[in-house]
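Letters A, B and C mark the chains in the order given here, with residues in each chain numbered from 1 onward.
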Amino acid sequence: MHEFEKHPDLPPPTSQMGVVGWLRKNLFSSIPNSIMTVIALYLLYLTIPAMVEWALINADWVGSSREACSSDGACWVFIYARINQFLYGFYPVEEQWRVNLGAAIFVVSLLLLVIRGVPGKAWIGGFTLLIFPVIAFFLFSGGIFGLEKISTSNWGGLMLTLILSTVGIVAALPFGILLALGRRSDMPIVRALCVSYIELWRGVPLITVLFMASVMLPLFLPSGVNFDKLLRALVGIALFQSAYVAEVVRGGLQAIAKGQSEAAASLGLNYRKTMALIVLPQALKVVIPGLVVTFIELFKDTTLVSIISLFDLLGIVQSALTDPSWLGFAIEGYVFAGLLYWVFCFGMSRYSMHLERRFETGHKGS
Amino acid sequence: MKGMKALAAGTAIVVATFAGTVYAGETFDNVKAQGFVQCGVNTGLPGFSNIDDNGDWKGLDVDVCRAVAAAMFGDASKVKYTPLNAKERFTALQSGEIDVLSRNTTWTLSRDGSLGINFTGVTYYDGQGFLVKKSLGVKSAKDLGGASVCVQSGTTTELNLADYFRSQNLKFTPVTYDNADATAKAFDAGRCDALTSDQSQLYALRILLKDPSGSVVLPDVISKEPLGPSVRQGDDDWFNLVKWSLFAMVNGEDLGITSENIDDMKKNGSDKPDVKRFLGETGEFGKMLGVSDDWAYNIVKQVGNYGESFERNVGSGSNLKIERGLNALWSNGGLQYAPPVR
Amino acid sequence: MSSDTSAHSQSQGIAPSKPPFWRNPRVHALFYQVVLLIGVFVFFGYIFHNTVVNLENQGITTGFGFLDQEAGFGIIQSLIAYTPASTYARTFAVGLLNTVLVSVVGIFLATIVGLIVGLARLSKNWLISRLAAVYIETFRNIPLLLQILFWYFAVLQALPSPRQSFSLGEVAFLNIRGIYLPEPVFESGFGVVFAAIALAVVIVAALAKWAHRRRMQTGQSFHTVWTSLAVLIALPGLAFAVMGAPLGWSLPSLQGFNFTGGITVIPELAALVIALTIYTASSIAEIVRSGILSVSHGQTEAASSLGLSTGKITRLVVLPQAMRVVIPPLTSQYLNLMKNSSLATAIGYPDLVNVFAGTTLNQTGQAVVIIAMTMSVYLTISLLISFFMNWYNRRSAFVEQ
């Protein structure tokens, strides 16, 4: 009797494996597919080498004036010469350590929050949300502890962009949570007020809100009282943003199974305790990815303050483009600003996706 | 809830620090108390107000702010500048965010009458003109029928432009932007055939072009544009001080007093009575304005007289190279004339 | 809460001691609400009072009276007749129509581009799907304002002066001042053609309804698409021929500095539409992708085992189900696009914010009235789009059952 003898598996045909197989499967599986691939490759051939040549190979990297930009590539010297202004605005150079220190504290506390396994996250979070803004404010504006007073009109560049977006979201957070609770409340008047507030702000463009903050807000205040322009913009942004935060938080509240609050009620907890101890802690965890997305939107939207003549990152790049001694480098300026925004936004959106995957287990009530 | 309270308290602190309180009718006292003049200037207009490489504000409009600070505090650097675009300028003044608006703003009846502000004088007699590319071959504004014209929106310039073409029965296409830089950039790119603005601005914007010598300012002047500082209504002391700070600069030039020779004059004692009054050696003219008697000395010493400021910022000492023209002293055929200190 | 109490009392048969009225949750709720309402009224009253006092102090008279005054400034693009002699009310209408124009065009193009990119992202072709991913991640993560400025700058840089225009057969021109296209001029008698178009639309609608009913009753399908197309083309075409082709064209021609005649698409509009389309399409693409992915594979397999063709599977099985997931986020993208069109002010496109909340506000100083009017317009459009999309969503959900 012929005994069954196991031969090793034959390798798949060469057309199905290796580079050739991959190409066939992914790029040339059918005639229309092949045509699309060829067209795409041709377009890439047209654009990529030209871009690399302009941005890297032919570019000017060193020098201090526009004379250094003699080639027909990009003039990164322009960015280099202005980098301090792009990052700090008109903040005096000798005082910039204060901004750096503030940024460092912020980054460290964020890292502590993000890295898993660090104990006492509630305290760190509380510090970042409540105490840090106060420290940062006095650090940046000075006027106490012998720090030189730096007027907010000197704040600018990336620093201002970050301040506007973080303060905007931090200020909007508590108000947004209240609005979300109000929108889901049983009390008809509270609900109606919250719904109108949310829909009102979500229905108008941010730019009209900023116009309102810069032109109308002074009229609303008692005669004679006035706010700093930056604070007015911040008030506008926070009011606007709280409506968006409210909708995100509402999504989180809806995701918490009703059984949770019913269980809490049957334990005899009142509404405030149910919300504060049972529902919100769960809901807020669920909405963190959504909040990060909201933050990204806000981060991009802060560019609008350049229209009410605050010099954020885009605003200061724009104003640098009109410097008579550096005319004609608009593309470099826009590319630099775009790249900076992109790095921040892309990084945060990846982080938000990562969080979403991490939170996917459990907690998803119906 | 504790967190909320802490947050509310924190907010209150921040608000208290940000917010200022200015009551109408008390501007003078408030400025004195806070120790600096809050001055609204253009976000960037070469020669009138722009930031130099060191981050300092420079320009003819800026010098008016410095003169007011010199009169009030004896120190021209006690100014907080707030850059404003055309849209925000009046609100900023009305709300008390700034104490004086010195931002190439045209003095008109409706602004005096309906905005709650008062103009204090004229720093620059201007008129609206056109900037065109030489290659276009246009010699007069009357040849601009059918042209696209770049203009800054929300200005008197925009209204004058429409009026002018209507009165000449010509068609035109307005291309508007909300800041001067953008109009210059668009004109440079060829988006429009002509750029219209106050002539002073045209010279200032021309140096922002890639090829400044390729463009020319047409001789036509289609409007009167007296530019000057303005203050909120309701405090006549403050109005007087701002008004006389500007007059002091003009009077200084009239009397031949410059920042160079003023110390000499003061030390050696001039025998001219009007110079003595100006320098505060006789009379108590400073007291009448509520400041020290050497107010005019401080202005001319630290800021310079009107002629010095003009030449340094927009005239022969700058790259704008604007002629004195209408802005020469009355004694030289111009319009600059200040009431006497007496 | 109250229902619990009553159930409790019934089961026990003994009335529980009634809580004092200040412990009653209903009273609590009422109390809180009244306090809140009073607070809101006081707050708004305070703001209103301050505003009135401030305006009075500054000698500003407020109200709608300014709307009848002459505007005195020109506007580069207007869909209705406008001259500097028109009123401020007219500037409002001009700005509003320009906002609507850019929003409608933007929504239309962004939907198409978004759909294509979204499908490309799901393509089996590795290269195409990667390119779509790069497109999405690039444009979604750069602020729109920056993109608008960039495109405007790029448009202005790339195009020639009017005298060196690119031309297409001497009827259409492209230069830095815009795209110049021939404009149709309707002569007398064209009304009949319009009537024919309207009639054709009515017929097609009736036909669709009839075909739908027949399919529901008998299961027979009817080639609605081809018949409809035939009606839509034939009827107006016939009317056009009978009336003796009552249509002329106004061609653009270079006169003096610029082209005159024809339709002009100004570069500001072009740049704004390009930027809005590219930016919004990157979000729409993601929505389309997740919508299609949300339809389970079993649906496609079941449909193909029933013998449906690929086209029919997509049209009748996948898309209707994907739409249910797609519509809500798509609505908010449309709303975003409409609101984002207000960034026009950065490049000088005369939309509502630029013309009315910008120039008109600046010329009149009527901040309160003008900002309030502008905000209510956006709010109204937002609510209208929301209502429409909700209605559509409900309808498509109903059909599905």
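The criterion applied here is as follows: contacts are C-beta pairs under 8 Å (C-beta built on N, C-alpha and C of every residue); 3 or more make two chains touch, one makes a residue touch a chain.
Here's who's who by UniProt: A, C = Amino acid ABC transporter permease; B = Solute-binding protein family 3/N-terminal domain-containing protein.
It should be emphasised that the depicted structure is a prediction, and the values quoted were computed from it without experimental measurement.
The two chains most heavily joined by C-beta contacts are A-C.
Ranked by how far their CA centres sit from the centre of chain B, the chains are topped by C. Averaging Cα coordinates per chain places chain A and chain C 26 Å apart.
Averaged Cα coordinates give chain B a centre that lies 43 Å from the centre of chain C.
If you average the Cα atoms of chain A and of chain B, the two centres end up 39 Å apart.
The residues of chain A that reach two or more other chains are 215, 218-219, 221, 223, 307, 318, listed in rising order.
The residues of chain C that reach two or more other chains are 54, 57, 345-346, 361, 367, listed in rising order. Counting partner chains per residue, chain B shows two or more touched chains at residues 24, 87, 91, 94, 178. On the chain A side of its complex with chain B, the touching residues are 90, 92, 126, 129-130, 133-134, 137, 141, 143, 151-154, 171, 174, 214-215, 218-219, 221, 223-231, 272, 276, 307-309, 318-319, 321-322, 324, 327-328. Across the complex, chain A is touched by residues 29, 32-33, 36-37, 40, 47, 50-51, 53-55, 57, 123-128, 131, 137-138, 140-147, 149-150, 153, 335, 339-340, 342-343, 345-346, 353, 357, 361, 367-368, 371, 374-375, 378-379, 382-383 of chain C. Remark: chain B residues 1, 3-4, 6-7, 10-11, 13-15, 17-24, 43-44, 46, 51, 55, 80-85, 87-88, 91-92, 94-97, 178, 181, 184-185, 207-210 touch chain A in the complex.
Interface residues of chain B facing chain C in the complex, by the touch rule stated above, are 24, 86-87, 90-91, 94, 113-116, 136, 144-148, 153-155, 158-159, 161-163, 165-166, 172-178, 182, 186, 189-191, 193, 233-234. Residue ranges on chain A touching chain C, taken from their complex, read 26-27, 29, 33, 36-37, 40-41, 44, 186-190, 193, 199-200, 202-208, 211-212, 215-216, 218-223, 296, 300-301, 303-304, 306-307, 314, 318, 330-331, 334, 337-338, 341-342, 345-346, 349.
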